[in-house]
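Note that the chains are named A, B, C, D and E in the order they appear, and that numbering of residues resets to 1 at the start of each chain.
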Amino acid sequence: MKLTPQVKRILENYEADNAATKNNLTRLLMHGKLGGTGKLLILPVDQGMEHGPARSFAANPAAYDPHYHYQMAIDAGLSAYAAPLGALECGAFTYGSQIPTILKLNNANSLNDVKNQAITGSVKEALRLGCIGIGYTIYPGSDYCYEQMDILQNLIQEAKDAGLLAVVWSYPRGGPFLDKAGETAVDICAYAAHIAAQMGAHIIKVKPPSDHLCLGAAKKVYEDQKIDISTLAKRTEHIMQSAFAGRRLVLFSGGEQTSEETLFNTFQGLNDGGASGAIIGRNTFQRKREDALAMLDKIINIFKS
Amino acid sequence: MKLTPQVKRILENYEADNAATKNNLTRLLMHGKLGGTGKLLILPVDQGMEHGPARSFAANPAAYDPHYHYQMAIDAGLSAYAAPLGALECGAFTYGSQIPTILKLNNANSLNDVKNQAITGSVKEALRLGCIGIGYTIYPGSDYCYEQMDILQNLIQEAKDAGLLAVVWSYPRGGPFLDKAGETAVDICAYAAHIAAQMGAHIIKVKPPSDHLCLGAAKKVYEDQKIDISTLAKRTEHIMQSAFAGRRLVLFSGGEQTSEETLFNTFQGLNDGGASGAIIGRNTFQRKREDALAMLDKIINIFKS
Amino acid sequence: MKLTPQVKRILENYEADNAATKNNLTRLLMHGKLGGTGKLLILPVDQGMEHGPARSFAANPAAYDPHYHYQMAIDAGLSAYAAPLGALECGAFTYGSQIPTILKLNNANSLNDVKNQAITGSVKEALRLGCIGIGYTIYPGSDYCYEQMDILQNLIQEAKDAGLLAVVWSYPRGGPFLDKAGETAVDICAYAAHIAAQMGAHIIKVKPPSDHLCLGAAKKVYEDQKIDISTLAKRTEHIMQSAFAGRRLVLFSGGEQTSEETLFNTFQGLNDGGASGAIIGRNTFQRKREDALAMLDKIINIFKS
Amino acid sequence: MKLTPQVKRILENYEADNAATKNNLTRLLMHGKLGGTGKLLILPVDQGMEHGPARSFAANPAAYDPHYHYQMAIDAGLSAYAAPLGALECGAFTYGSQIPTILKLNNANSLNDVKNQAITGSVKEALRLGCIGIGYTIYPGSDYCYEQMDILQNLIQEAKDAGLLAVVWSYPRGGPFLDKAGETAVDICAYAAHIAAQMGAHIIKVKPPSDHLCLGAAKKVYEDQKIDISTLAKRTEHIMQSAFAGRRLVLFSGGEQTSEETLFNTFQGLNDGGASGAIIGRNTFQRKREDALAMLDKIINIFKS
Amino acid sequence: MKLTPQVKRILENYEADNAATKNNLTRLLMHGKLGGTGKLLILPVDQGMEHGPARSFAANPAAYDPHYHYQMAIDAGLSAYAAPLGALECGAFTYGSQIPTILKLNNANSLNDVKNQAITGSVKEALRLGCIGIGYTIYPGSDYCYEQMDILQNLIQEAKDAGLLAVVWSYPRGGPFLDKAGETAVDICAYAAHIAAQMGAHIIKVKPPSDHLCLGAAKKVYEDQKIDISTLAKRTEHIMQSAFAGRRLVLFSGGEQTSEETLFNTFQGLNDGGASGAIIGRNTFQRKREDALAMLDKIINIFKS
């Protein structure tokens, strides 16, 4: 496993991390079909928790089984598999040495509309399960955000001490300023990426930004400074810039797509804008295995190009 | 590095601190172009967190990169660089031995209007990153202030045990008594400086006080006692007096300036009133590098005079 | 320093304390001009924190300097000096061996009207600064009172283990039953003194009680039992009685006085009723040093008589 | 209690200590008849432990009672009283506020000839008993010395954190190089004082040095460098020099005297050589109380001169 | 303070250290007259402890005062000053910000011939005193060596967490295989350097190797492999090689010299062989200050060449 120049350049941006954390990052960046390209494609499966099992898995009942997702991530040559505690416990030994895993430490559910998440795992459990990192979601804008960040601060410190990566899902939501459109507005996505970077995240997950501008004060700046947000590629560039001028890896979701074509266009735009890759869940396991494998292969090729 | 009489006089005011803390204070006071004068000029960059990245950096896109600020602080001969965890991690090794750094342990963001801040770092991380001190913001007046102070009390004790300096941003905000004008009213600024001093801060950051008086009970005293608040210099004197008769270092921001001239006038007034120096962020990185360097040089000369 | 019969009698009331705590109590009772009389006169300076610096010190600007108060307490022959962390740190070495000190561990400020206080110090810091005891305020009646008492319980236990005294400011305030008049009503003051005694305070601070009766149920008893509350002396007797029949030291403030004469009358009444002494802050440092020294000398003579 | 120039000069040598420790040192230096002179005379009573009660106290049976020694130290105006746990517990309250006390944390006994001491107290107990410091004996040369120093290192750190003084009895004894004459040889005493100073002792206790030279390598140096060891005064100077050029307080015992005259000559020689004072046990309590008081008064006058 | 290529190359060898430790190493490598050359010259003063005060300081009595050595290290432009606890406490504030310091955590003395050292300090105290690192001696070969290494393992871990450097004096001594000549035999010195490197030392101190070969098994290899040990330069090369092929800094003592000329020849040989520098104690402070300054200047020039 010779490190490629792309991977070396990325690793140089993590100068304050210990060797174990950097090695986990290297392992992630060198794994799967995108290994060595500096790009990542990660499969997250926490939707059962977030939307309920039937909404998540009934379209493809094989996906009720946690082993299905491990196997999918392996067979598709993805970079890693991320899930909550219970699902990882089902395959941590069977598949643990075949695919890097990330333990998602908090999760929301839809049985309440409180803009918060429950803690569902710990750094110690991520170690016990042999994961390369932890995942954690914050809701910038939410009334719970500061509390979520307080908890995240402790988790990140503990994870780094233990040599684990910290992957932060930064999903703006709730509070006095954000309506639904605001949650994916480009100024808000950029802000969310920056907050995660400042918290010490190694890898940041945001949603693909729309060309909407949400906050009044920000809007003025975007217009005055003529920041180009006309295309997804341009908006992606702006997000990457907001994550310490590209010094932090930023992954994007595929958004709520209707067709594969739209999905591929999205990923093409993200890649053109310099995205570090993507995290793609529902679009994967809600279609048949062969279709999903074919689709993932195309996405991998987009990010390889 | 011979200590100057000015620095010695300042150190005598910190008689309860251990040798390591006093040496970190000495190191700070002897660093940069103001080294030995007893004055400080510190570059803080947490505005990306507080106002969002575009509002902070779009005017000078080079500033999206955390390395830019380290380099600016070094090249301008500033006393120190203060930032949240993520930004310091980007350069802690590359620049850490060239400029004293301060890890800001809490931060607000503008995606919510709650008058609080999230914890984003720890004393242990400040040690790991080789910082000379920690920074922490309290919002006197806010409904969260007592909670913020409870946390600060623990952090200050932990920092002093480890030989680190405690820099407290004391920014009145919120609660039943403070409107926008009140936040920079001279009685409120003086009060905010005093609270930070009593908490055990080594260095206090406040905003330049206006000639407004906010609290009714205070207003009467200022009038009865004929406290001169007619000029910025006089108001600055009053703030310094409120910080234990000048026994604590108090730094001021440049305020929300429109022109360099106004900015220089502000700093001249602060210096005439005996301010210990300034913390200047946006006015630095929102202009071109050469302009910023020229401006900082002039400010340094004001504080040297 | 031979113990006097008065001091010996007092010490017998603290039979569950360890030798170090009793020695600190002895040291306090034997210090200053009231040394050996069993009476105490303590200078507390936390008003800058509570009311703001100008309202506290502008009438006598020398008092902005924490050293001023140390020196005043020493020169006036007072029993002790009590202050928050920052102020004690300014003189802990210079004056620490010349006057017993008490570290006030919580403090309110007037920038918000919440009926609580922030934690501003710890038992460990009291040890580091060489204090003989800790001070802590509770607001009986306040919605925060139980929480304040929970914290106090821990602090008192920790202080006693380390041989320190616990001085409790018991100031009724807030909640559903107490209006402004109620805060100094004699039934409420007596109740507040008793609560502090039950918490394990060595020394209790209350305000001089008015002849008002606040709680309906209490009022009936005072009338049925013909409890004499007609004079300050009688009311003071009642407070002392409420603090374990005089087994705990109870100190009183001078109240918000307008003239020296009224102040002396108050202290005379307190002394006639058997008060253990007084804590006198603003009335001390808000007048010129010579006037304050003269006034304190008269008060000392009242408590000596 | 105004600090004298002598005391101020001494305090300056303890620049790394916290305010509480320096205040305890000040309290010690300002107490008793030698208060303010910079000299100390301390009564240690651990001989019952070391030699058995009859050998220690039968000559003056009143001395079987621990209260006797407290009272003696007080009445004679000594600087402090040092004893093991049990003895201090007998009078910690009765006398604790009248005389600074030092808890001796280890002690030997003569029922075995092992060159070691048992741990008989702790820093926590010194705090509980209101002591100003801890005492500890090491036997440089003994096969147990390194182990004794390991323990001492921890105790000194703990004591300093809690604001207590560390008094180290440095008594060369045992091992392959030291015979009986060697235990008081001037080269060995100087070495013992230096070891205690390097361990971080605030106050060092050694025996008065004889003009014997013990170690071959040292002997050569004393002769080559023509170090004057002809008189006790000259030897004392050399010991003080060996304790960081006089930056640490060094106390001497009176040695095994036969007459008062010899004893006074010894103390005169020590004082002429700049000794910081003496620790005098058996010579005190093995004679009648009046005789002891008269003798101590003469010794005090010697150190005052 | 721009990092030089030499310093950058050295820092790359410490890739597993955190930013704070690397910054302390940088600070050390950039300090003094050798700053930036990648070479170090450190003044250690623990000989008073090891050989007794007179043998150490009588030749130049000014050196009895710990301040003398701080001042010497500063005036000579040395890289750092290393000493036990007591000596550092005497000047930690006065000189602490003018010269990097290293707290020596264990020390031997010559009052016994046991091949061990006593613990005389801790990592916590190194932090409190503002040191950049800890020092610790092991005696490879001694019956106590495994115990010494067990303790060292813990200290190194604690030091690295706190951002401190670990400097290991690796002095072969005692045990069944080493006679006096063996202690400086080249195979033994090389072995000692390697053991310290494997323990995780950042900087290693050994004695200049003689051309003696001590262990039979090693001797055979040196002869078979024709390892050139004919000159000090060649032997030094071999030591550096044994410390991870030069990836760890290795400092040498000057040995027991008789003349300056021999001393300079030794240092020239060390430098020719690629030594990282020297630690020079007795040869410094046992001559007059002016002579020592002149000598150190010459040594610095040797290492600069």
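Operating definition for what follows: contacts are C-beta pairs under 8 Å (C-beta built on N, C-alpha and C of every residue); 3 or more make two chains touch, one makes a residue touch a chain.
No experiment lies behind these values; they were computed from the predicted model shown.
Visitor: Going only between touching chains, how few steps reach subunit D from subunit A?
Guide: Minimum step count, subunit A to subunit D: 2.
Visitor: Would you kindly say which chain has the C-alpha centre located farthest from the C-alpha centre of subunit A?
Guide: If we average the C-alpha coordinates per chain, D ends up farthest from subunit A.
Visitor: Interface check for copies subunit C and subunit D. Shared numbers divided by all numbers used: above half gives same, below half gives different; which is it?
Guide: Homomeric contact, same residues on both sides for the most part.
Visitor: If you line up contacts by residue number, which pair in B-C, A-E or B-E shares over half of them with A-B? Let me know.
Guide: B-C
Visitor: Tally the contacting C-beta pairs at the A-E interface and at the D-E interface, and name the larger one.
Guide: D-E
Visitor: When you average C-alpha coordinates per chain, which one falls nearest the overall C-alpha average? Tell me, please.
Guide: B
Visitor: Centre to centre, by mean C-alpha position, how many angstrom separate subunit D and subunit E?
Guide: 35
Visitor: Would you mind pulling out the distance in Å between where the CA atoms of subunit A average out and where those of subunit C do?
Guide: That pair's centroid distance is 58 Å.
Visitor: Would you kindly tell me how far, in whole Å, the mean C-alpha position of subunit D lies from that of subunit B?
Guide: 49
Visitor: Could you tell me which residues belong to subunit B and also touch two or more other chains?
Guide: 15-16, 18-19, 89, 92-93, 128-129
Visitor: Which of line, ring, star, complete and other names the graph you get from chains that touch?
Guide: Graph shape, chains as nodes and touching pairs as edges: none of the named types, so other.
Visitor: Would you pull the subunit D residues touching subunit B in the complex into a rising list?
Guide: Result: residues 15-16, 18-19 of subunit D touch subunit B.
Visitor: Once bound in the complex, which stretches of subunit A touch subunit B?
Guide: The contact residues of subunit A facing subunit B are 13-17, 140-143, 145-146, 149-150, 153-154, 156-157, 172, 175-178, 187-188, 190-195, 197-201, 215, 217-218, 221-222, 225, 227, 238, 241-242, 244-245, 247-248.
Visitor: Which bits of subunit C are touching subunit D when the two form their complex?
Guide: By the definition above, subunit C touches subunit D via 1-3, 11, 18-24, 26-27, 30, 92-93, 96-98, 127-130, 161-163.
Visitor: Give every residue of subunit B touching subunit A within the complex, in rising order.
Guide: Residues 46, 48-49, 51-55, 58-59, 61, 64-66, 84-94, 107, 109-114, 116-122, 124-125, 128-129 of subunit B touch subunit A in their complex.
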